[in-house]
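Before we start, here is the structure in question, set down as structure tokens.
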Amino acid sequence: MSGLSEETKHLLAQASTATLTTQLFKRGLRNTFIQGVRRLTPGAPAMVGEAYTLRMIPAREDLDHPGMFTGQGHPQRRAIEECPPGKVLVIDCRGKLAGGSLGDILVARLMQRGVAGVVTDGAIRDTPQVAPLAFPVYAGGAAAPASFGLHHAVDLDQPIGCGDVAVFPGDVLVGDGEGVVVIPAHLAEEIAPAAAEQERMEAWILEEVKAGQGIFGLYPPDEATLQRYQAARKPLS
Amino acid sequence: MSGLSEETKHLLAQASTATLTTQLFKRGLRNTFIQGVRRLTPGAPAMVGEAYTLRMIPAREDLDHPGMFTGQGHPQRRAIEECPPGKVLVIDCRGKLAGGSLGDILVARLMQRGVAGVVTDGAIRDTPQVAPLAFPVYAGGAAAPASFGLHHAVDLDQPIGCGDVAVFPGDVLVGDGEGVVVIPAHLAEEIAPAAAEQERMEAWILEEVKAGQGIFGLYPPDEATLQRYQAARKPLS
Amino acid sequence: MSGLSEETKHLLAQASTATLTTQLFKRGLRNTFIQGVRRLTPGAPAMVGEAYTLRMIPAREDLDHPGMFTGQGHPQRRAIEECPPGKVLVIDCRGKLAGGSLGDILVARLMQRGVAGVVTDGAIRDTPQVAPLAFPVYAGGAAAPASFGLHHAVDLDQPIGCGDVAVFPGDVLVGDGEGVVVIPAHLAEEIAPAAAEQERMEAWILEEVKAGQGIFGLYPPDEATLQRYQAARKPLS
Amino acid sequence: MSGLSEETKHLLAQASTATLTTQLFKRGLRNTFIQGVRRLTPGAPAMVGEAYTLRMIPAREDLDHPGMFTGQGHPQRRAIEECPPGKVLVIDCRGKLAGGSLGDILVARLMQRGVAGVVTDGAIRDTPQVAPLAFPVYAGGAAAPASFGLHHAVDLDQPIGCGDVAVFPGDVLVGDGEGVVVIPAHLAEEIAPAAAEQERMEAWILEEVKAGQGIFGLYPPDEATLQRYQAARKPLS
Amino acid sequence: MSGLSEETKHLLAQASTATLTTQLFKRGLRNTFIQGVRRLTPGAPAMVGEAYTLRMIPAREDLDHPGMFTGQGHPQRRAIEECPPGKVLVIDCRGKLAGGSLGDILVARLMQRGVAGVVTDGAIRDTPQVAPLAFPVYAGGAAAPASFGLHHAVDLDQPIGCGDVAVFPGDVLVGDGEGVVVIPAHLAEEIAPAAAEQERMEAWILEEVKAGQGIFGLYPPDEATLQRYQAARKPLS
Amino acid sequence: MSGLSEETKHLLAQASTATLTTQLFKRGLRNTFIQGVRRLTPGAPAMVGEAYTLRMIPAREDLDHPGMFTGQGHPQRRAIEECPPGKVLVIDCRGKLAGGSLGDILVARLMQRGVAGVVTDGAIRDTPQVAPLAFPVYAGGAAAPASFGLHHAVDLDQPIGCGDVAVFPGDVLVGDGEGVVVIPAHLAEEIAPAAAEQERMEAWILEEVKAGQGIFGLYPPDEATLQRYQAARKPLS
């Protein structure tokens, strides 16, 4: 259901978000790291998947209340059931943290359906129950109140902002223990191998540093260092 | 082109935003005053009109640059030409103030086309040129940089958030020297005369206060005060 | 020493703050979750107790210095000795985090006296010593400086604001790993069993989700689901 | 009704808040200027008066609604009628600006009763009507919504915080076009003549600067400058 | 004393900061508009001049007090006397607004010495006295307390940040009623005529808009519009 | 390479930052605890060392890009190689968290070189790799983007601000699990034994509290308590 090749997914899952932001910077994209979110599930695997989006605007008392979830038309509930397996549900909560955007039951359903993860610049509720899950959940914080007191869900799979970064449906989101980077769809296949190579070289540089090398000429590498690296370079696992 | 009757418009234009928020509060709506914006054009008339919206997400360097305005498809430029006369252009800039959402040429065009006003929770540029206009411009601030460094325009006339308030196309926006209130579309006809009556009574109460009356029993009025008021009440101009 | 029945305490201690905020929302109370605080003591049990309050205003250099703690009259020190066992000490620090409101010695004394927990929208000091305690401590952050550089303690057991929520003496505070909810005193007995029932049903729903059920008709439950739930429902432990 | 002598009032009214904060700093008080407020009434005279305080905590929906103002017991309304003439009404709104703390009718009543001014770290409503008054009104901003949506008034003439400064009943508040300074009660008589003398000397220094003098040796004055100043010094008007 | 030609100064003084940020954006510089400052002196002329900088770090009580201004070595006072005529004094106050960075006497001295203006991302004190001056003063706000309670002046004419923009000694600062733009030194001569031409064309476009033209094809101009403009273009005054 | 005696280092490493801020407060220094940073490396030892500083200003696109690190002149890279062993690298990032100030390779090099720790009021990148290190790293947060998108490094070992505290080269920084305190250089030798004695007494007081003693007369200790303490006092380890 995803346009990403397995090879690209594999390479991106091994790259850090630090490396990926550098690769994007080199291609002129400076604003790609979602601000103000952290991973709430420390035991989760790396997250890679295309964005499927949900947009929230401020709640209005006459529209947003527990009764509105009845039936099948509510966009928040549709997002849970309609986000394609392998994609990442990305929610625009305008960075508001006074209430949750999702709780443990909806997260469990996403996980059960094979969704790749969830990212919100709002809060998550039921975090004590969510924290132990082996499922990537990135959010701005934890808050007990339900979403309807703060948010009105309006549409699905439209371009949104999340944590001050533009997210278009189909963009590739990669998350690690540091946070989440947004890779524009057309760059994912190009960036994946470049990031893998950067990871490989930096792992070698780190070993050099641990062995006592200074950073001048090493990081970034000068010509001599590059030759040493090429000689030592092993095939990618 | 507007669904508002002339009578409703007339009544709303005479009501203060303070009075209108109270009328909305009485109907269960607490969050109706756009936060963080002020009128940049002190000489403008009261603003009344239905919302026509423009939504911005964070800019992306490869999409947002001066060249993108060429042609007729750009949503920000379409908003300027397509916002119906008599309506208010409301822009969701996510409250970001580091760049402008509009400048003097686009404001001049809105004014020239008979649009009722513009409201943005972002900034306006060319404010020294905009400030003297007899046209309602409400914004979060002034900033010289053009919109494309900060914003990517995505869609027109969809529900948005502006200054932490939900704005649906067709909601009625009223602005005075204090700020802007959003009246849900279905309440405008009901609230207009109630607000006018509240204005009339509060004007009378203010005269009483200036004449030396204390506020207990006067504000809010008790039964005796209400009778005095009814006796003194004059027909609405 | 507390007006809460043991049964109510027992039920509230098993309810999550997420569930309790929903029960309060259904009764018209939207603003009940203390903003900006987190539990600093991961090993603490659930917290349930009535509020006993301490109010701080900004410090003034001539009044607030180490010498002021001498004797028995200082409100901060009186709060430590006078907060009744079983109650929760709630401190209004105006959300200021540049200094601590309490440190390890005072927390140890509260714990030793059988106080149910402490909640402050300011910071706590000596957090490395406080963190391992099996005692509920909720705060906005950690800061080494003593309270007198930032706060002047003024009164005890008066209504206060804490984390943007009103707290009246006798209100019931419940804390879990997500945060703290404030239940107005007159609603505690009513809400406790309703929350317990909601917890029970949501536990069942979560099992259904894990078993592969979709959320439409399940969460919230429609009539058929409710009947299935009633059939499966087991007595409350 | 005020403990301030007319002479002290007269001297303080001629001193700038800049000068008064310097005098307080010299006496060890660094935190005396109310943060985040500005004068909303440009045509008001200088404000001098002792503090009479009103304290607000966050609103609670079941307690705070338009009906609560009926009768004579509501603290906000009592503040309007009970603040002694010549004193300054100071309101602790926790710096929250989403709603007003007072509107034009209550301000008019304060003015009519001879109160010296009003200071709030919250917002004022009906600001278009308030702005032209020759009455000192200092606030954090303008907002149309009534107070009961945001604030619950709890007590009168207790110590409060306002704009991150401690305000005790009886402290002397002085306001000019820059803002408001809080002078602890016991320092007012001492500081008034010292401030007047500083004003006089700085007026002379400013004339020297305009005449072309450099600031070294002049500001602050060295011994020779002080002698020149003493020779030129004229009696205080 | 300035490296700027009179012609460049003349052209820059006629350009708006909006136009200048666009010219800089076209050259790859996105972050050139000083954030969070406004002109405190409405009657001031346009400001053009090279940057002379003063850097402040947080105050330390044992170093920063009124006595430190004695003598000629204090960097803040040296900045006042040593900033070359025609240059702009730019002060890095880390955006802190609780105290002033300069007051009326020092501003008067800068003005008297022929300095081109002052920009601080901190506050100014004595603003009621400063506001009427025909001298460009840009600041983040107004605050009565003297600088030594908040700031420690450390060095002169080093690279600084001001309002989140890098300012190097010699960069050209231009200010109008909207704010201040920082032009890197090496771009000033190139940008000045380009900005003047942009101003001229936009003035013509604005006239077209006022005459009823729509913005498609006009703003930005297409080929036909450019030909019309070239035909109508008048020599630069 | 450090001016601190081993004895002073030993005593400071055993003192908490809470105790040290109290000792500094008693000497008139109120603002010594770095605001907004936390330890990212939970397994690190206590940090003690003299400050070696690096100053960042906002980035400029033409100056700040990956290529600038080539060669040996870049101040950020020089800081890594030139910070003397035993000292603490302190970085002024103006509290900006959208990008990292250092990543895992540079942290590894600092550790390898025997530097005592690193403190930044910006973010750190590669935090998943940095977190397990037994090396003190204090920062405002985690962010994947490299420094050059946000920061321009300007100078080394100059006075800076970090987390709203003044830091002069040679000041002594002490870090524990709560945060980092800055001790002015001339006070370190005096404060170390005073802090050690305070720690010892407070450890004894804490035991008394755990044994059931109330805090009046105990904390702070009255004369009788001091005598009991002196009797129980054991030699310092």
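We just call them A, B, C, D, E and F in the order they show up, numbering each chain from 1.
Going forward, a residue touches a chain if its C-beta (ideal position, glycine included) is under 8 Å from a C-beta of that chain, and two chains touch if they have at least 3 such contacts.
A quick note: this is a predicted structure, and the numbers were derived from the prediction, not measured.
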Next on the checklist: Once the contact rule is applied, which chains count as partners of both subunit D and subunit E?
Outcome noted: B
Checklist outcome for this item: Greatest centre-to-centre gap (Cα means) from subunit F is with chain B
Checklist entry - If you list every residue number at the subunit C and subunit D contact, are more than half found on both copies (same) or fewer than half (different)? => result same
Next on the checklist: Half is the threshold here, strictly exceeded: which of A-B, D-E or C-D has more than half of its contact pairs identical to B-E by residue number?
Outcome noted: D-E
Checklist entry - Which chain has its C-alpha centroid at the greatest distance from the C-alpha centroid of subunit C? => result E
Checklist entry - If you average the CA atoms of subunit A and of subunit C, how many Å lie between those two points? => result 32
Checklist entry - Using the average of all C-alpha atoms in each chain as its centre, how far is it in Å between subunit E and subunit F? => result 36
Next on the checklist: What's the distance between the Cα centroids of subunit D and subunit F, rounded to whole Å?
Outcome noted: 40
Next on the checklist: Going by the contact rule already set, what residues in subunit E reach two or more other chains?
Outcome noted: 30
Checklist outcome for this item: Here the pairs of chains that touch are A-B, A-C, A-F, B-D, B-E, C-D, C-F, D-E, E-F
Next on the checklist: Taking the touch rule as given, give the residues of subunit D at its contact with subunit C in the complex, in rising order.
Outcome noted: 28-31, 57-63, 94, 152, 154-155, 158-161, 164-167, 184
Checklist entry - Which residues, counting only subunit D, touch subunit B once they are in their complex? => result 66, 69-72, 77, 80-81, 97-100, 103-106, 108-109, 112, 125-129, 131, 142-146, 148-149
Checklist entry - Mind pulling up the subunit B residues that touch subunit D in the complex? => result 16-18, 20-22, 25-26, 30, 32-33, 35, 38, 176-179, 181, 202, 205-206, 209-210, 212, 214-216, 219-220, 222
